[in-house]
């Protein structure tokens, strides 16, 4: 049995290699650009097609009337119509602006809290568990406080978003710090790095994977909190996705709701792709992935 | 300059050790049980005391009337009263039962999805980003679908909880898998472990820290989804925390809301302590913490 | 010049093919300008039951060669045939599973073969004795010294009961005495199981002590420079004069090779 | 029997205290029944500017001793004095930061001292040349071979410009030639900077080649068994007859010691 | 009471005759048509004058509106009877006053075809918008008066399932529930979309076929400081209601346009028509129905007895009405 570079036969050794393929351990021949784009697109395209077909079939089965569960045609029609309106873009812009601003603030807060809590033992004992406690607090519980503190302003929305996302981010950082390999800490210590510099040059980079995972979760929390929070203050002439979602539901507007859900999903996917790119860069640098996949 | 075992003087070497203390690198003398309990309790006790005092001060400052922002005395009074009622325990039991059942289901789903997505490349391309997309979908968006699929039953609540928590759990697992040290994968491969067994014996344990972090986030999502979902179907004779939270807000009942928030926080903290215990055990086994702290 | 197969090895290989055969194998890491050619048309046979030692300067591609043979990586060009059945590998790092006890790490090697739990435990204890770590089974890897970890990795590789054993500097972190003891153990097991071994080391005496052949690789990119048959009778002793004499000759050749590359 | 300080070392130590002094240092890992006594009342001085080599069986507590001196761990009993100013340490594993390039890893040693960016870069390139890795500055640790990583770790330790250098088997993964070259480099730097070095190795010849004294530890728990002064004139050569002779004597003593512990 | 001379306030506000800003809340909801029309037509801004800016906030539901009133983020808001009672009770009569009525009627029990009488309801599931709200109380009281037993936990001969109105649309269509006691426009939607039938028109249960569904409340503090501003709000409010009464069709269009702007989607014409027809826009807060509803709630065990005396302050409304020569409204 034998393995030629590039080709494989069905023997034991080749099967080992095939096993490793799944492990992404092998460096593989760089493929043409077209084939790489194709291999990136077909799974997504077929997944979308599959969902659409299944959806249409369910609707055709006629279990529920169209106004209760709209079909893809109606929904995509509504979506297309929205895409043609300026208001849609205003709404997306407003919501994204809030999401990004709130998330940025949450990162700052989460970083500081995570850094302090992970390194100062009494603080950790005192408020470490509180962080998860806060995470489990539904956004609506914060609304009265948000209004008390900030009135009917966008700051109230931000407050809810930050309270939603910061705990995740802090928790991600803490987990990363806890799992920093001691040998790297020791090495940093011997290099004369202490406290803040040890933090900046060793602990933070070593925690980056976990921190990134925390950021991703934090984004999800921020976004959900925002969707709820956008109902808290409906600011004149500022349509938002949260509002649209709420009204679609309030009016039991099935195609509208589904269209909004698609928009939210697409935004979520795009954001995930951004995180994915960061993650890939990180993994490549750390030598955790070797293939050009 | 010198370091005696146990005692320290204020010289360079001792300062290095002090620096390391913060790093939790040093093995320290085992202290008496009493002193360990004390050192576990005082930070929490003082944090609680601090919060209560600050809260009382805010109330005393009289910025807002008591009916807008209840003080600790009123709130704790309401809480104490509730603790004396059977209904409170029923509510906590009902909610916890749903949370645990939903979370368990979410773990199963998240594990399967995470395992599949992390190992099968086309699947990952197709639905990898969808997972984060789903995470960002607010629970209320699922309500109509939940009712269509399950009617007005507890299953509808479970559906929302699982959809809330499973993506986090899957994402935690995927992150863990992605950051499994390649050398361990190679070692496992050479030991003849393939696919499922490689998964079970190498990848899963190596991903455990990240998976645990994902579980923690998943719990938070599950809980929040549950708080919202408990309004979806109000089942006869089953009071629940989500309902209580909602009604407290609906009735503009500030002490009631704060009391419910305290209950939610306490449950969140207790759950975090459980996760913390699991995490400590893990870290001790992996040699990531050496001190008896 | 490349030495022909020794008679001994030729004898062993008679009737069946070599356990491992590399034909003009090249390995390039990366591509283009930043790419690095680690191995350049290496051809090498390891006969069935043969003990081949691989010598070469740091970074010349020895570990790369081993992972190609193990099937953990694919060559950029050339053919690799591995007919020797199951392949076990001992990495340059211990690569122990940190979440398992020492004993469980070794047992993992037996798990893939469906050995029962009780037997696994017994066999693991046996192998721990072999590497002189009896009594450390319940410890975790982080509680061991560097040399002890390496020995656990050795025990794990031996426990696999493979036909081809690839070893990457297995005794690098051990003192001379422990090393001598383990040389004897390894030689015994090699004989008993009729293993084919490809053994990377920096210690020329060790290579001569253990090998049927000592293969010398050139500096980056790795190429087979010379193939020394070792015909000394076994059992050999690392500190014997014959081993020293042969090692001296190989060292000279190695030095010459390293110097030629200006490193 | 414990040898007195050699004259040379006594000379050096004159006027100022030893760079490192251990007084009856014991180290216990864990407690009670499962506890493990790694070091048992070890007393040892490293004079200022002295090069002390530490020999001992695998698992006898050499790494433990080094991390105690480095202040990374606290002794269970006894005193450690380290008057030698800054302490640099090279761990048994390379312990490189995986997220940094090779060059940045070395620069990290200079960062703590506030060296400017440009100078850091230049100095790092210099040290890479010293360890014969010029041109590898832009690679990441995972792209290096085991021996190359070890050399980067050496460069990083040297870059720290410390007064006391603790080295844990720094040349374990290197071939004899590269090792010889680095012996020369290390000796040169040691002289130039008047470093105090505590050097763990399993290679007795290496110890004799480099050390002013060779200290022998017993098997677990570690205890100082003997302290050999090495009075051979420098420069020495690893393969010289005198080094071989002295190494032979130490090896015999070491073997005796290991055998006595039944290992 | 108005202790402060109007002139002082005007001077303090820079001569505009009131505060620099009046913050008004309402819901994008057909029962809030008074506000929708008034804002859309610029009536509030007109009455407040150039010195006082109108700042509107829309809320999705009562709790947020009450939170905003409590925290001083809005000065006045349109709201339903339940949140108003809650706010009154929770603040022990300190936070708000009801200063005018806005809408009446427009609540129905819609059921599946085939259900013709109370008897047919037994063993069925009926939805209400929320446990303890007006509609919920009304349903329970009505069933009680017909001798049908229910309980607040969802048990009894008829199972009452409180759920959001939007969900009711869905569950009614899928058959999870058999009827719902809901306000407009949901009642009309159940009828037009899912073929529901009206079993009870809540108006029939009240004397004079009138009961409050929306009214205007103000923050007491604000009312004390700026009675003039409150007067102007009420003037605008009265004018808006007049406008609706004078040309309902036009008003419906205007309200629908406002809804589209706020909620992103207008009501369907048939739903709009049905809903608008069934609601009466009136300045009368119909105090008797509020008090009556509270009594019913106490009776079915959903409310602690609460003293509503003083919740109304119709003095300004009556002055405004008097100036227009229209009949006075009682707060009893």
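For this structure, a couple of remarks:
Order of writing sets the chain letters: A, B, C, D and E. Residues in each chain are counted from 1.
Keep this in mind: a residue touches a chain if its C-beta (ideal position, glycine included) is under 8 Å from a C-beta of that chain, and two chains touch if they have at least 3 such contacts.
Since this is a predicted model, take the numbers as computed values, not measurements.
With every chain reduced to the mean of its CA atoms, the largest distance from subunit C is reached by E.
Of all chains, the one whose CA centroid is most distant from that of subunit D is E. One simple way to say how far apart two chains are is to compare their mean CA positions; for subunit A and subunit B this gives 18 Å. Between the Cα centres of subunit B and subunit E there is a gap of 41 Å.
Mean C-alpha positions place subunit B and subunit C at a centre distance of 47 Å. Rounded to a whole number, the gap between the C-alpha centres of subunit C and subunit E is 85 angstrom. Multi-chain contact residues of subunit D, defined as those touching 2 or more other chains: 29, 72, 93, 143. Counting partners per residue, subunit E has 63, 67, 70-71, 164, 167, 170, 174 as the residues that reach two or more other chains.
Across the assembly, subunit A contributes 16, 20, 25, 64, 68, 143-144, 148, 186, 189, 246, 249, 252, 287 as residues in contact with two or more other chains.
Within the complex, the subunit A residues that touch subunit B are 16, 19-20, 22-25, 39-40, 42-44, 46-47, 64, 68-69, 119-141, 143-145, 148, 167-168, 171-172, 175, 178-179, 181-182, 185-186, 189, 194-195, 198, 209-210, 212-214, 216-217, 219-221, 223-224, 227-228, 245-246, 249, 252, 254, 257, 260-261, 264-269, 271-273, 275-276, 279, 283, 287-290, 293. If you check the complex, the residues on subunit E that touch subunit B are 62-63, 66-67, 70-71, 83, 86-87, 90-92, 94-95, 125, 130-132, 153-155, 159, 161-164, 167, 170-171, 174, 176-177.
Only residues 183-184, 186-193, 197, 201-202, 205-206, 208, 282, 285-287 of subunit A touch subunit D when the two sit together in their complex.
Put simply, subunit B touches subunit E in their complex at residues 64-65, 67-68, 143-144, 147-148, 151-152, 231-237, 247, 249-254. If you check the complex, the residues on subunit C that touch subunit D are 29, 36, 55-59, 61-64, 92-93, 132, 143-148, 151, 168-169, 172-179, 202-204, 251, 254-255, 258-259, 263.
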